[in-house]
Structure formats: structure tokens, C-alpha cells
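One chain, chain A, links the two complexes that follow: it is found with chain B in the first and with chain C in the second.
Let's look at the complex of A and B:
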């Protein structure tokens, strides 16, 4: 197990380094630079722009900029954001918790809802309920996230104003609220973006989970459970679901990165200042260090999600654990033998 | 939503003034970039700087930039000119205090001037201070500005270009570290509003400076509620989460007007939009194959129906400017000549210049087609609409226009590199005559924003003379002659000066909107007690109480 994790971590670092380098080159090849967008006032003299290009090292050749960037990263310095006027690490530190809160909530919501819908569908297989839930899932699965976000905003902030129109907190009263009211304020702001994000994935998970449940429906152990006189709900939830969860567990890990990337549009629509929103703004402003930092985080999340998926799968399936243990043992024996 | 302890009522400091109290939530469609007045470039930055930091004097509602007529005392309670007009002495208001309690002194003025003109600080406004030789401080409440030469806008430059900064808090910070300094995140000003908090991407809060030398603002708090884009900001206004949005698009106006709790307030925007021809190509090294020809530029100018474009895109929310200036600017000349909309004359001019129509309707001269690319920023829906209309109108005189939308950083890079055919640009001005020098003179090709490489020595001479003449009638005459030359040379087509429309909550009693800064009179805004919402009644003591908890 340990060597497996180490191997995957090495792979993750390699992938992150490759993606970061590629991003660095591509974003610098794109026309425009950070100062072209932020200093577009005609009253700003070209010499002022030239000075700031020099300060940020934008006048240096690309390889020199890359070496400076790598040296900085090695020291834990991700650079200075031109559009935020602060170190990139401060921008990231502020945005990541917001994204994790949104993506984490949506992840839990989507899996809970998706699995519940699938269980109901399988329990009522072939009925109107099954078909209706299937149609709704398919409909939601087909919707673009930015569209659903805008409709949700229009419906629940404007036509039926029960949720705030955006942001993570109410900037007017939040600083003056007690702890309970402040928490409630955060939850109110979280509901719309989290539910929007979760709704799309829940539909996908429901379809996946339903298929997995139906796959195991005819297995012998379920027939045995029925013969023992257990109720259909107990059979479905305690026996069938436990075995049918394996493929969905894989999805859980992989969804972590998908949620973070999928949150980009939802964050933009709801004015949620997370990493997706920061990344989009940084691309528009050509804020190179922020773009690269977001890329690094994205790579890490993809690698982490993949690793989590593998680990969860191994924990859930003893056959894989054994196979990995054999591989470790084999390797050890081979080294000892040599 | 239940407010925590200490939030109830408008007690505490608010009670010190009968009509004081209330909160205004301003929806912003973009974040504030920094809180240092020296680097305030965007409108959002300028708003924060104006509310927290005072200048020596304020141009007032007249927005005059010549002499000191109409200027209102701010940090300087009075001023005097030397007999030769080469120096102006400002006498500071002894009551003025920084928000940390330290008195504002003449050394702060001198420090600010030195900071703004320090080449290592590269402050954007530095070039506007180039005519100031030095600032001296005869005593702690007197600052004298010494000028290299006399010119009409020297008072404007000495006062408008700089918000005075606190020397005692900034002195030890190297200029290279200013933007990342603690002060830039938690500034201490001397204006009628003081800094409370800023969460980038979320909100910035200012509160009334109750002990301010100019008096306490009527409002308790100003919250800038930050959204990532126009749509999200509008949603906040329509959902009642914000009280004001400064620029409602024409598409959304009817929706705002239908709302009983909102009202709309139109006001002039000190900017002008224009179609800019690039007269030199290959990064300014050789004449542009099309637009180096003055007759061609004039013909295309006459083929554009500017009034129709403004009507079509803005309805009544824009004017056609006669020249490169917004209405009310010091360099404005309503009688400036403008090429008429006359497609027959345009056709004749093109015919006589040898541009013949082909079977496809496009004109050619030898092997060259009358075709060019019109660049527009993707961030401006308005300019994209205008570009399509221009494309259509110029097609009628046989010109093929390809509209090329691009991101703003790309567009600015093309402009800086003089690497474009034509562009739809919008310049926001501070209303000063000097704007002409910075954007249209030959000197501005290399040292300013004359990206179209327009150069005419007679125009330059007239502008230079206007900028150094004190007699208003003479200035007007010189500018009129300069605009006549500009009109003859047609380096650009002046298309529109927009009028902005703010959506504002009706409970707010607002003061007049000033074109250069709608927030100029924000300290005089109020919310009648009977109309107050819960957020208006938080009071100024609540934050302290909540933090103490």
C-alpha cells in the first residue's frame, strides 16, 4: 500500500510539473500581458508601463522568466499578482477555502441525493416514479451548469427572493452577527450555488448508481437474503447497495477535481470568490502567476482525487488490497533475492 | 436574519446628528484593485480613494480645470498665488486629522508630491505633475508649490492629481514594497469616510469619520459589494441586496424602472468613444497602406452616420460629440466643426482618389482592396454593436470591414505596439485640456496614448499655445483652430459620449451625480428615519461590539 501511494505521489508531482510548464509557456505565448489590461488609461505614460514591466520581470526573455518562476516555487513563493496587488499565495489562500466549501458541500449533496434517487428508482423499478426520476435525471444531466445557475439565480433570488443573489456572506450585516446567525448567513449564501452544482452531478450519479444496483439485483446473495425473509428495503440498502457502491466510490474521488473545475461557471454566476472565479479573472487579466498557481492547484486536486479514488476502492474491495500487497511483497522479495 | 448584540438601533455615535444613520450598499461589477491613492487607476479604486482621502482642493461641480475658479477648499482652507503665478501657497486646515488622530501637516503634502514623482514608484499620475518643480513647507500648515512655468491648469494639477497621503505611515516603506504593504490593505486616510474592512472579491466597507474636520457624513456606512461581472451586480440590485448600481445597461432599464423601490438617475460620463484610424503600420515604421491617405479617412468619416449609430445603440443615452472631448470638459468646444454624414460626397471622394467598385461592390485601387480590420474589445457589448453598424454603413460606400473582437489585454497590446488597422476606443478623461496633448499630439506618439500615430505640427503648436494661454477667449480660439485641423485630417471619427444611468433605491435621498465621480457628494446622502431598512439601523458601535464578542 505504502509503495503504491509513493508511486502515485511521484506520478502526481510529475504531472503537475508538466502541466505547469505547459501552462507557463502557453499563457506567455498568448497575446497581451498583465499591464496591458490593468493600465489602459490614456493618461498613463508608456514609461510608467515600461517601469512596471521591468519590476514584474515581464521584459525578460521567457526562459529567464521561467527560471525565476521555478526558483520562486522552490522557495514556496508563487509570485506577485498584478491584478490583485498582493502575493499570489494570499489570493489562493483566500479563494481555496471558498471553493472547498462549495465543492465539498456539493460533493456530499450530490452523492447523497444521487444514491437516494437510484435506490428509490430501483425499489420502484418500471413504475411511473422510476421513469419520472429517470427523465428528470437525464434532463438535469443534459443542462449546462452556467445556464442552470442563471435560472436558479433568477428564480430564487429575483422572482421568489428567498436566497441572496451572490457572494459568500451578506457584506452588510455579517460582521455584526453573532456566531449562530453568522453561520446561518453563510448557509443561506451557500444553498443556491451548492444545490446548482450538486443537482447536475446528482443526476449523473443516480444514473450510474441505478445501473450498478440493477447489475447486482439478480445475484445469489440477494436471493439468499430474500429467502431469509428480509424486507426489500433492507435487502436493497444493506446488501445490494453495499456491493453496488464500488463503482460509485471511484467516482467520488474523481469528482473532487471535477467539482472544482465545474465550479468555475457556478462561482462566476453567483459571485462566489473561489479558485474557479479567480482563475477565470486571471486569464482575462493575463495575471500569469495566478493562472499558474491555479493550474498547480488543479493538477494537485486531479492527482489527489485519483489517488483518493484508488485508495477508497482498495479499502472497499479486499481483492485489490490483496493484489497490491502481493505486488509489494513480490517486489521486496525480488530485491532481497538480488 | 437576527442581528447580534449591539446591532440594534441607531444609537451610539449616529445619535450625534439628528439625520445621521443609514447604510448604502453599492454594487460593483469589478473588484477594487488597491487602496493606495497613488495607484488608483480603475473607477472603483478612484471611488475608494476619493471617499477616504482628501485633496488640497476640489474642482467642485463646475469641473473647471483652468485657474482656481470654482475650486472648493478641502485640506487647504485657503490658498494664494505669487505675483508671477509661478507658485501657489496652500494653507492647511488646522482641524484636519488622519483617521489615526495625527494632524495633517504640510510635510504630508511635500511627501505626497515626492512620492508621486519618484521614478522608482512609477505612479501613473506622475506625468501630470511634470510642470511642478518642487514643494516647500514654510511652516507646518503651509505648503508652497513651485512651478517650472505658468500655465492655465497648474492649480488643477497641484490639487486634483494627488490625494494627500500620510507621511508618518508611509515614510519608511520602500517604493517597491508599497503595493504589498500593510497600509495598502488597511489604509489610513483623512476623508469623511474611514476604512473598516476589505475582503477582496467580496466587499469593502467604509464607515463615517465622525470627527472629520469637514463634518460627519450623514450615512453611517458605505459597503461596496463586489461582483465578478455586470450580471451578478445587476442581480444584487434587483434582488434588493444592493442600493445602487452606477451603470445600468439600456437593456435592463425598463426592468429597473418597473421596480417600485428603485429609481433611475441619468448622468454624463466624462468619456468619448471614437473610431480610430492607424496612420502608420508595422509598429509605426511606415505609412498605413490605407489610412495614411487623408482623403480616404475623410471619405470613410463622411460615410458613417453617427447620429443613427447613437440612436440605434444608446437610444437617448448618448450624444454625438463634435470632437475629442466629453461635454462640459475644459477643452470642449460645442462649435467645433465636424465632417457631415454625406455618402454621396464620400463616394465622390473615393472615386476621385482612384478607388473603383468591383462587381462585388467592394472598391479597389490597383491590386489593393478597400478592406480593413476593425478591432473591438470583447468586454464592451456596446462597441461590438457599433462595429457591426459601421461595418454595414461602410459597405455602402464599398469598404469591406472585418470586425475583430479581442480581449482587452490583447487590444491594449496592439494599441501600444501601433499594430492595428482601426479600433473602436473609449477614452475616459479628467476633463482637463491637457488630455489633448496626451492623446493627439505628435509627442504623444512616443510618450502618450497617440496610438494612431496622428502627427500635425500645426495642431501641436495650437494645442501647446492653448495649454499655456491664460485668456479664456484666446484659449477657445486656439482650441477651435486645433479642432478644425483635426476635423480636416480626420484621424478618427468621434462617435459618442455616453450618458450613464444609475439604478438607486428610492429610500436614499441623494445629492447630484457629478460626471467625474458620482460619489462626490456621498457624504450628503441620507436615509430618512421613516424609510430605514434593518441594515440602516446597525449604527457605528455595532462592529466594535461584534468584534469584542
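Let's look at the complex of A and C:
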């Protein structure tokens, strides 16, 4: 178990390093650099441009820049952001909690809603309810997230202004609010982006979970459960869902990365100052160190997601745990990876 | 026979299939007395499992129990009960053991939980009390170290132990009727023998009635007091076990007995005197296969595989004739003693 976690962590670090290197090379291959926007102006003397490029080290050959970048990262220094004019670490530190808040809420919402929808669908399989929910989730699933975000914004903060249009808090009144009102203010700002982000994933999970439930529907142990006199609801939730949850856990790891990439658009539309917004702005400004930092954060989240998914998998499926039964003899144990 | 405990009356089950309506069970009437073991035998596809599943109403669409069918227990027609009342019968009055011990247990729940669940759903037992009953039930079916086993998952147990767990689950509430659908088919021979002995022992101790479904006549000979033989959705013969083995009247039953392998050289009424007698040790087979349930043959459903058949068999479906008070056979021969006397001793096994 411990060796498994260690192995996965080593894997995660390797992947993060590879992704970082690739990103580093790719952005330098693209034309322009962080100073292109402000400095590449004919009215600025070439010597001035050269001076600032030298200050930021942009005049060095690429391998040298790369080594300098790596030694910085090794010391925990992600570099200095040109566009924010402050250390990258400060920018990241501000943005990450916002993204985690948004993605975490969306994650919980989407799994809760997706699984619930699937259970209702399977309970009423073949009925109008099942088909209607199926059609809605297929529709949602096919929508682009940036479009849904803008429509949600239009609908619920302009036509029917019940939610704020953007940001994480109301900058004007927030400092004067008591703790409860302040929390409510945060929640009100969270609703639209979180629900938008969750809706698409919930649709995806619902479709997957429904298929997984129908997949186990013919399993023998469900017939045994029926023969015991259990109600259909108990059979569905306690027996079928417990088994049908296993494939859906795999989605958990995938969805974490989906939330991070999905958040790029949704954060931008709702002005949510998270990693997604920072990344988009950084790309626009060709702010190399910030882009790379965002990439590192992204790959860490993806690796964490799949590690968490694997651990959940072990928790949910006793066949994957290395059986404690080994010690008491006679008990056979199916071992993970067999 | 005294008042039966479980009484199946004119059970008809159909399946709507692409190839038409399959009449999987077609007018089966069967009584199970308290405390008896009734063997229900037949080939795959004859409708014996469907009959068993009908008793607990476990069939799912496209299977359909036709109106007019009745299954009586405790003075109530189970087929007329609302689903909720039926649920209180399942696992409490009638329990069932299935044939696949590998897949019949839920892989993600502990053994103890799965047994205790039966207690908790039918009785207002606390978690701890239900748990204790589960452990006691495991002990009763001879699972060593029941306390530990109760905490384990199905994949940690051998096939034989899993089947014992299924038996414990079925018996934890001391049901009046146990339906065992091929309970030992998937197991090793030695484990099979142990389990059959256990089943017989528990049946005696708990005094329950058992409907034992199997295709294995050896199992029937060992356990059952009465045998019912099914073919093509119908009961073709029904008799006490010794009577059936000694004086089977239906050519199909005779064929099944001939087709059963035995270690000792053949003797007795089905001896080696037939036209095609291959001598001791040579198995006879019933020619052909069970016809599809969407198109049962006209007349007697066995006529095209029967070596004793004549034109009447193809035209006219035989009723179930009483051979004596406890023996019935669905064969025209049972009503035509002269024709029967003229036949060679071994009726089946000829290749036409």
C-alpha cells in the first residue's frame, strides 16, 4: 500500500517534469516573448529593448534559460512574473485556493447530481422520466462550457439578476459584512460558476453511471438480493450501486483534470480569479514563468486526481485490497494488478 | 398425501422473444408437502429453473406468468399478492439457493453483512443481534471460524464455502420451503458430496420442505423422497424416488435413467437386454435435443425423440395418467397396457 503510493508519487513527479519541459520548449518556440507587447514598439530604442531582455535573461540561449529555470524551481523559486510584476509564487498562491474552491464544489456537485440522476433513471428504466433525463444529459454533455457559462451569466445575472456577475466576493460591501453574511456572499458568487462547471460533468457522470448500473443489473448477486426479500430501492442503492460505482471512480481522476481545463473558460467568463484565469492572461501576455507554473499546478492536480481515484478504488473494492485474510491461512486473495 | 405446504397449480410462463412466444413452463402443477425433499429433474431448457423462479416471483420481463396460474402457500396465492407482501415471503417463508456460488454473492459486501441483511429486512433486529444470527447461521452450515468468515468478502472464500454461505443466508430465518436450484453443479465432486450431506442433515433438523432442482439423477437418488421429471415445459412423470428408479413409465424418464453413468455394471430393470444394448458401461443417449420453447412439437412433445412413439403420439397430446396413487406419467402408453407389453424392455436409445 505504502509502496504503491510512493510509486505513484514518483510517477507524478516524472510526468510533471516532462510536461513542464515540453511546455517550456513549446512556448519558446512560439514567436514573441514577455516583452513583445510593450517593448516591440518602433519608438523604443533597440538598446533599451536589449537591456530589458538581458535583465529578464531572455537573451540567453534556450538551454541556458532552461537550466536557470530548473535551478530556480529546485529552490522553490518559480521566477518573476513580467505581467504581474511580482514573484510567480505570489500569483499562484492567490489563485490556487480560488480554483480549488470552485473545482472542489463542482466536483462534489457533479458526482452527487450525476449519480442521483442515474439512479432515478435506472429505477424508472424505459419510462418517460428515464428518456427525458437521458435527453437532457446528452444535451448538456454536448454543450461547450464557455457557451453555457455565458448563457448562465446572461440568464441569471442580467435577465433575472439573482446572482452576481463575477468575482469571488462583492468588493464594495464584503469588508463590512459579518461572518455569516460574508460566507453567504461567497456562496452567492460561487453558485453560477460551480453549477455551470458541474452541469456538464454531471451529465457525463450520469450517462456513465447509468450504463454501469445497467451493466450490473443482470448480475447474479442482485437476484440473490431479490430472493432475500429486499426492496428494489435497497437492491439498487446498496447492492447494484456499490458495484456500479467502481467504474465511475475512474472518472473521478479524469474529471479533476477536466475541471482544471474546464475552469479555464468558466473562470474567465465569470471573472473568477483562479488558475484558469491566470493561465489565460499569462498566455496573452506571454508571461513564460506564469504559464509554466500553471502547467505544473495542472499536472500536479491531474496526478493527484488519479492517485485519489486509485485509493478510492481500493476503498470501494475489497478485491483490490491486499487481503488481511492472507495471515489466517486458507483465504485466497485476488491481488490488485492480477 | 396430506395437505401440501406449497402448491403450484397450472403454472404457465411465457417469454416474448424475437422468434415468437416461448412457452417455457406450460401448465405445471406440483405439490410440496411439509418436510419432504422433492427432486425436480430435466435437461437444460425444460423449464425447471423457470418454475423455481416463478415460486419466488423472481422472473423479470420479458418473462411473464400467465393469468390462471396459481401458487399457494399458507392459504394465499403468491401470484396474487402485492409486491410488498411477496417481499415478506422471500427469504423468510421461502428461501432460495442458486447454482453459481461464484457470482451469487455480492463481491463488495462482507459475508456477515449479506447474511445479517436477511434478518434485518424481515425482523426488527438490531445490527448486533442480526450479526450474531449471521455468525450462528454460518456455524450451523459448518463454516469453520464463523466469526472471522463473517468479516471476509466472497473472493476470500473457496467455492464450497461460498455455497455454504448461500445456504446459511437461505436458512438464517428457518424458512418453511427451500428451493435449491442446482446447488452443487458448479462444485468439485468431493465438495458436492459434503454439501449434499449437509443439505440432507439440515433439512431433517429444521424440518423444512425442499424443492431440489437438478439434472443429476444421482443427487436425486441420494436426497429426494419424491421426483418430478420435466420435459419441454411440462411435468412428464412424478413418483416416489424408489418407484421412479425401479418402474419409470415415461420413455423420457427411462432415457434419463439410461443416460446416467454408473460405476457398477448395469443390472435391474434397465439391463442390457435392449436392441442396441451396448453392454455394461456403455452409455445410452436420448437422440435429438430439447426442441425450442417457441415451437413445441404437436401431440406428445417427446414423440420425435421417442423410440416407442406411434401415430397417436404425434396427433394427440397425452394427459397425465395416474399409474397408481402416487405415480403419474404423461404418456399414452400408461393407458395402453397391451402396447406397452409388446415393447422391448429398453425403450429408448435407438438411433432412428
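Rule of thumb we're sticking to: the second predicted complex is superposed on the first by the 309 of 338 C-alpha atoms of A that agree within 3 Å, B and C clash if a C-alpha of one lies under 4 Å from a C-alpha of the other, contacts with A are read in each partner's own complex, and residues count from 1 in each chain.
Everything below uses one rule, namely that a residue touches a chain if its C-beta (ideal position, glycine included) is under 8 Å from a C-beta of that chain, and two chains touch if they have at least 3 such contacts.
Bear in mind the structure is a predicted one, so any value in this text is a computation, not a measurement.
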First, second, both or neither for A:61, with chain B first and chain C second: neither
First (chain B), second (chain C), both or neither touched by A:87: first
Chain B versus chain C as contact partner of A:317, first or second or both or neither: second
Chain B versus chain C as contact partner of A:229, first or second or both or neither: second
Touched partner set for A:76, first chain B, second chain C, both or neither: neither
Comparison of chain B and chain C by chain A residues contacted: B
First (chain B), second (chain C), both or neither touched by A:243: second
Residues of chain C defined as touching chain A within the complex: 56, 58, 87-92, 95-96, 98, 100, 103-110, 117-118, 121-122, 145, 148, 152-153, 155-158, 166, 169
Residues of chain A touching chain C in the complex: 219-221, 223-231, 234, 238-239, 242-243, 246, 316-319, 323, 325, 328, 330-334
Residue numbers on chain A that touch chain B, as the complex places them: 30-34, 36-49, 51-52, 55, 80, 83-87, 91, 94-95, 150, 153, 157-158, 161, 164-173, 175-178, 181-182, 184-185, 267-271, 273, 277-278, 280-281, 284-286
Complex contact set, residues of chain B against chain A: 1-7, 23, 25, 33-34, 39, 41, 119, 122-128, 176, 179-180, 184-185, 197, 199-203, 205, 223, 225-229, 231-232, 235-236, 238-241, 406-414, 416, 427-430, 435, 438-439, 446-449, 534-535, 538, 542-543, 545-547, 549
